[in-house]
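Before any comments, here is the structure.
Residue numbering begins at 1 within each chain, and the chains themselves are lettered A, B and C in the order written.
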Amino acid sequence: MIEKYLEISPEVKKALEEGKPVVALESTIISHGMPYPQNVETALNVEKVVRDNGAIPATIAIINGKLKAGLSEEEIEYLGKKGYSVMKVSRRDIPYVISKKIDGATTVAGTMIIAEMAGIKVFATGGIGGVHRNAQETFDISADLQELANTNVAVVCAGAKSILDLGLTLEYLETFGVPVIGYQTEELPAFYTRKSGFNVNFRLDTPEEIAEFLKAKWALNLKGGAVIANPIPEEYQMDYDTITKAIEDALKEAEKLGIKGKETTPFLLAKIKEITGGESLKSNIQLVYNNAKLAALIAKSL
Amino acid sequence: MIEKYLEISPEVKKALEEGKPVVALESTIISHGMPYPQNVETALNVEKVVRDNGAIPATIAIINGKLKAGLSEEEIEYLGKKGYSVMKVSRRDIPYVISKKIDGATTVAGTMIIAEMAGIKVFATGGIGGVHRNAQETFDISADLQELANTNVAVVCAGAKSILDLGLTLEYLETFGVPVIGYQTEELPAFYTRKSGFNVNFRLDTPEEIAEFLKAKWALNLKGGAVIANPIPEEYQMDYDTITKAIEDALKEAEKLGIKGKETTPFLLAKIKEITGGESLKSNIQLVYNNAKLAALIAKSL
Amino acid sequence: MIEKYLEISPEVKKALEEGKPVVALESTIISHGMPYPQNVETALNVEKVVRDNGAIPATIAIINGKLKAGLSEEEIEYLGKKGYSVMKVSRRDIPYVISKKIDGATTVAGTMIIAEMAGIKVFATGGIGGVHRNAQETFDISADLQELANTNVAVVCAGAKSILDLGLTLEYLETFGVPVIGYQTEELPAFYTRKSGFNVNFRLDTPEEIAEFLKAKWALNLKGGAVIANPIPEEYQMDYDTITKAIEDALKEAEKLGIKGKETTPFLLAKIKEITGGESLKSNIQLVYNNAKLAALIAKSL
């Protein structure tokens, strides 16, 4: 039944059949993450990083109502050009995009779902969604966290942006039994920075150890994914105080302007980019490359 | 094993075997929704609306410890006469009612569970439960929402009563990946009124489009249901300001009287009925008919 | 696959194969619950209580990376001597302990998981985790509650300690469809005391009735466990006002000292023990024996 809706590219299909390592990549970064043609360039570079580290990339998206695991260069170009007009797709949105035969850029949750359908175990992205600041009042909690609780895909990321409430995010993941592994670190990284002030659950220092962890988890049918938190390389990280102040200033301005709900995150991200003068985008790109590399190494060890 | 506990009426069984459209209906409205004999009359009318629109009704309840999908007129009469003495049954209560061999009137969650067991995909009701106002403090969140996240049944309703916190309810559903579809509307209806001030996730304008959405969802094993929000017909809706004021007054009185927890909802509903002079019950009945009709049309397209 | 990781003791294996009653027991109480050698003594006594009531005990732990259902006396001695150096293991921790080939003492959640893998349906412990006081702000909610929502094991306990917020714990369990049964009581017991001020969902007065309830639940594939709340025997219960005051004093002191997050629970428990002069430990041991007995009787009726 799923075959009717899911198209795995020939290269990815072959790799999966032969038991070769495959790494899923998301497409929200292509259509919503940065302007064209920088987005296409970055997407192709991420795929190259995966290949250079011995795995096959499978960029995930929905095109014309078909779930895609593995995009051609033309398809990446297509999504990159369409940009913001492509719908952002999380769990609840998938049936809509399919039944309307339209395009969709998959979030962390959306990508995990399609990766699992295709049989891909490791996924590299920038950062995961989480519990938003002030979620005690708003209940604004990303669907990514429930996906991590339920879907068997390891998500290699640079932690989560500290526009989220990282402490509450860790509590939520603990309640739902999702492990948070630090790669060569005891501290949860906060996307732009290697520091956050919060601890991960487990520090593991090699891709092999992470693969052993994942194999044990899934062999025991302990459903769900894992957060593999991979700190941004030191040379690309932003200054902790600068980024913290930028986020605080952005939060204050959002409050002053009465910005609420769904508008908050895009506002904060734009504001931070403005405050940090584009440095944040550069860091963002580099941390994705770094995650693609680690994901490839983990996939090879699985 | 389930056969030992589940009794599907001959008519419903035949319809399911022949792939004919079936619509599940709940029984809390019979025993707890209004006085006898109006409740029995209404229940039979709802069934008639389903039939008039080309589907077979399957009213769901528990009688003498047996799960029932499809009630006879005698059984509806029996539940209607017993009224409030019938236990209201959600997920956690089902094993109790079975092991004690007693009767149960199923809530939205309870009805979804039995509908899924019987193989029924579409269910018409009045409104769903949700996140209660002040749930930030009380954690009072209806089990209906988890059922929507987990059980493969589409729930056609007129939204949710605004004695609930509709904004928090939408956030909760988003976190758990439950789609909220507006039938011919972009705005979430609020039971007695067509307006709420909140948007649905997707507007779909025909039963066929809704059926296509559901088919895609379940074909992909994207577990869980969907909220099909169907606004009350204009001629029966209550005045937005009147109902809003009635709810606010009722909330204030509840606070003044120190009414808390489980007592709050029945108190508010009784108070609103009192304030609106019975007009609310009339609206309630009409919106259920309206939902039964849409549910039949969706079931026919599935 | 699971066989590679799970070792069921010969006695437990034989009992399961022959359909004889088995009761799971947790190991956190051994390594983290009290000092050596009292912990070993207690663990062996609990096993004896299970046997004396006609069932086979299966103490659950992880030793050297192997999941164990049924420990030898030597293994209990080993865990008891190692004490606090044994890692406390909940759902998210299991793959870590396995892949590192280390030891783990299982919490309620961890024990439920391994019991279910082994095919054991009833588990006796002291108290379950829950929603922590002030979780509205901290989101500190024990993973035990999600395990109860998802894993098919009945947990016989003396309720939950009132250092938790028992009202919020009941709301959370209700949302996730977990039944809370009171054994011969309508009131939820609060570990050290038979009273809490909160009601259970259902009162059942015999092990047979509880077994009938569980059989109905699982026959219908209503996934998840149940809380079987068994009040501490009257002769061992602590004075309600004394324990309430001790908890309030401990909470105040924690706040004054700025103790937060993970440090709170151990601090509170140590403080309460200090305030109550060791009487609380004695009560703790007696209520575990009492739960082991009821669990054996339920297992015999299943």
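Just so we're on the same page, contacts are C-beta pairs under 8 Å (C-beta built on N, C-alpha and C of every residue); 3 or more make two chains touch, one makes a residue touch a chain.
Heads up on the chains, UniProt names are A, B, C = Pseudouridine-5'-phosphate glycosidase.
It should be emphasised that the depicted structure is a prediction, and the values quoted were computed from it without experimental measurement.
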item	value
Same-residue or different-residue interface between subunit A and subunit C, half as cut-off	different
Angle of the C-alpha superposing rotation, subunit A to subunit B, to the nearest 5 degrees	120
Length of the line joining the C-alpha centres of subunit A and subunit C, rounded to whole Å	36
Contacts with 2+ other chains: residues of subunit A	136
Residues of subunit A defined as touching subunit B within the complex	1-2, 4-5, 67, 90-96, 98-99, 109, 113, 117, 136-143, 145-147
Subunit B - residues contacting subunit A, complex	131, 136, 168, 171-180, 201-202, 209, 212-217, 219-222
